[in-house]
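Both complexes shown next keep chain A, but they swap its partner, so chain B is in the first and chain C is in the second.
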Partner chain A sequence: MVRMTLHERACRGCEMCVDICPTQVFSYDRERRIAVIDHEEDCIACLSCSYLCPSGALQHDDYPVVKNFYRDLEFTRKIEKFL
Partner chain B sequence: MPELAAERAALQESMTFLGAIAGGLEQALGESANDISYLAGKRLGIKLSADAPRAADLESALETVRQLLVDNGCLWHFETFKPHDRVDLVEVTDAGENILLVFRDCMIRQSLFRFGHPQKGSLCRLMYGFFAGALYNILGEDSTLDIIHAGENACLKQLTIHRTCRQELAS
Partner chain C sequence: MSPQTTETDRTITLNAEWLSDCSGCHVAIVDLHEKILAVLQSVRIQHFPVLTDIKDYPKATIGIVSGAIRTEHDRQAAEAMRASCDLIIAWGSCAVYGGISGAGNLHAPEDLLKAVYTENKTTSPHPGPSREVSPLRPVVTPLDQVIDVDLYMPGCAPHPTLIFEALTALVEGRTPIATQESVCGRCTRTMQKTEVDCIRRPSEGLPDRELCFLSQGYLCMGSATLDRCMSPCPQNGIPCSGCAGATMRVLTEPNRDIRTEIAERMARLTSIPREAIVKEIERNAKTHYSYTMATAMIGEKPTFLIRQWLADAEADHD
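Up next, the complex of A and B:
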């Protein structure tokens, strides 16, 4: 399962992660003016929040990393037949 | 090893070329580019699933599609997704049965990144077409695959099987 960490001191409360997340993992704490991880179990590890976060406050661990197959030798062999 | 490096370079060029074709089609044809990619995907789906076993339910059909992709060396691995607030994996709505799918390794996404082309464009319709073609053969039903979110590391899509529409048409 994907593990997420939100570094609260880094969060600027821009809510971009709340808006971009397709599975509503985040909510916004109006009192503290920061994002909060509500449903970590729903994270699909698209990493959009992480890429978008202007202050790099989000960290994902134990997630499946997609293969850049054009760099991976094994996958290059598989694709060979299409060339 | 130098041979493999040459193949890898050829593959990267092909991906850039594919991205360029998609970009050019979209510029020249606008939204019609989506239909071209959809039809190409559908044809591929129909072709690869011609001898696939028929299935009665959506989950078995998806397993067959997954196997088809693996058997044909297609890098379109997907898994079903059930959010915490969803009661059943397969939901029945007025539009039909729908299920959420997460796509991780994807040839299209990698090609788009390679070319620096935005996601959710015409090439993504290739996948929609593939599922529509394969599921038509396997389930005998029409389907749509809507992109809910296209991310850097995974995409979330909703697959809808239009059983209800078919039943309505029949009655």
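Up next, the complex of A and C:
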């Protein structure tokens, strides 16, 4: 099953993940002004939320890797050396 | 590290060199303040222009090189560092991406010299230097275009906390903690949806202190910029200018671009149409892409058409 992590300190409370999620995984905590992962089990790992999140606060693990994006291998090797 | 470390234990030697840069990355190392003492317990500093007066390049374990390759001297110094050091770190955004010197790639070196020396509108014309000053290379490149680089430390300058983490990790032989979060990850401004319907220039009005710049209609590059700074600018009233380079996704995925990433988010936060935001960033592309345009990771993206954008902006202006 897909595991999702929300880095609460990094969440800016913009609600964009709530809007874009096709399976309504998120709810929004108005008091704390942050997103909440409510239905992790419904995540289809489309990663839309993670790509849209302005602060990079959302992380997905254990999801099936579908080669739906094109990534430059040379640059990816370089990024692995970033401190 | 034990406080009892003796001189003979300091087996790690460090060389540093600055090329075409502002020296801020080296000053950031000095900004470790008393923490530098912890580093010095394990490291012996040798060639290091901001701290020592050693002119040659003694053999060293770690080599820190900041600055872009702009001049012939830059290339020679970079090669001397590579020859003398076991491990080379490209230090700061200029060494990693080419930095702001990279904006010079939009002009031929002769045109740059002409603009500065013979056709300078704010001072009396004077022939450019012909001796003792190293000639410009045809283009500005990041460090890894002239020598092999083992590690990259982006940031303008990298925050001393991250420098300390990187240096101590190297000394201790562990992998440093390197976040993939963007500048927004540490910014404390509230990002909320607003009815703002036009882009505001930095000089227009006084931004709200608590609200996200994008929500207010000001262009801020925080959401598309790697956090290597601890977000000081947006926290102190200045929108992010993207000095640590784009996020890792933008760097590695050719179909992602700084302007569309920002426009996507800003259009969702405000009533400003996405296309208008893209157009505004393109119009000021020299500013918004200044730190990274010299690296192939940004400059060679199929969507990066800066010459066309600038020509369009000029045509609009006329």
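A few notes on this one:
Just so it is clear, the second predicted complex is superposed on the first by the 67 of 83 C-alpha atoms of A that agree within 3 Å, B and C clash if a C-alpha of one lies under 4 Å from a C-alpha of the other, contacts with A are read in each partner's own complex, and residues count from 1 in each chain.
Definition applied: contacts are C-beta pairs under 8 Å (C-beta built on N, C-alpha and C of every residue); 3 or more make two chains touch, one makes a residue touch a chain.
Just so it is clear, the structure is predicted and the values come from calculations on it, not from any experiment.
In the superposition on chain A, contact is made by A:63 with chain B only, not with chain C.
Contacts of A:7 after superposition: chain C is touched, whereas chain B is not reached. After overlaying the two complexes on the shared chain, residue contacts for A:33 are found with chain C alone; chain B is out of touch.
By the touch criterion defined above, A:51 reaches both chain B and chain C.
Looking at the shared chain after the overlay, A:18 reaches neither chain B nor chain C. The residues of chain A shared by its contacts with chain B and with chain C are 51, 69-71, 75-76, 78-79, 81-83. Here chain A touches chain C in the complex through residues 7, 9-10, 12-16, 19, 33, 51-52, 54-57, 69-72, 75-76, 78-79, 81-83, going by the rule given at the top.
Those residues of chain C that touch chain A in the complex are listed here as 89, 144, 149-154, 162, 166, 176, 178, 180-187, 189-193, 212, 214, 222-223, 247-249, 251-255, 264-265, 268-269, 296-297.
Against chain B, in their complex, chain A makes its touches with residues 22-24, 39, 41-42, 44-48, 51, 63-71, 73, 75-83. Residues of chain B that touch chain A in their complex: 4, 7-8, 10-12, 14-15, 73, 75, 81, 83-84, 102, 104-107, 109-110, 114, 148-149, 151-156.
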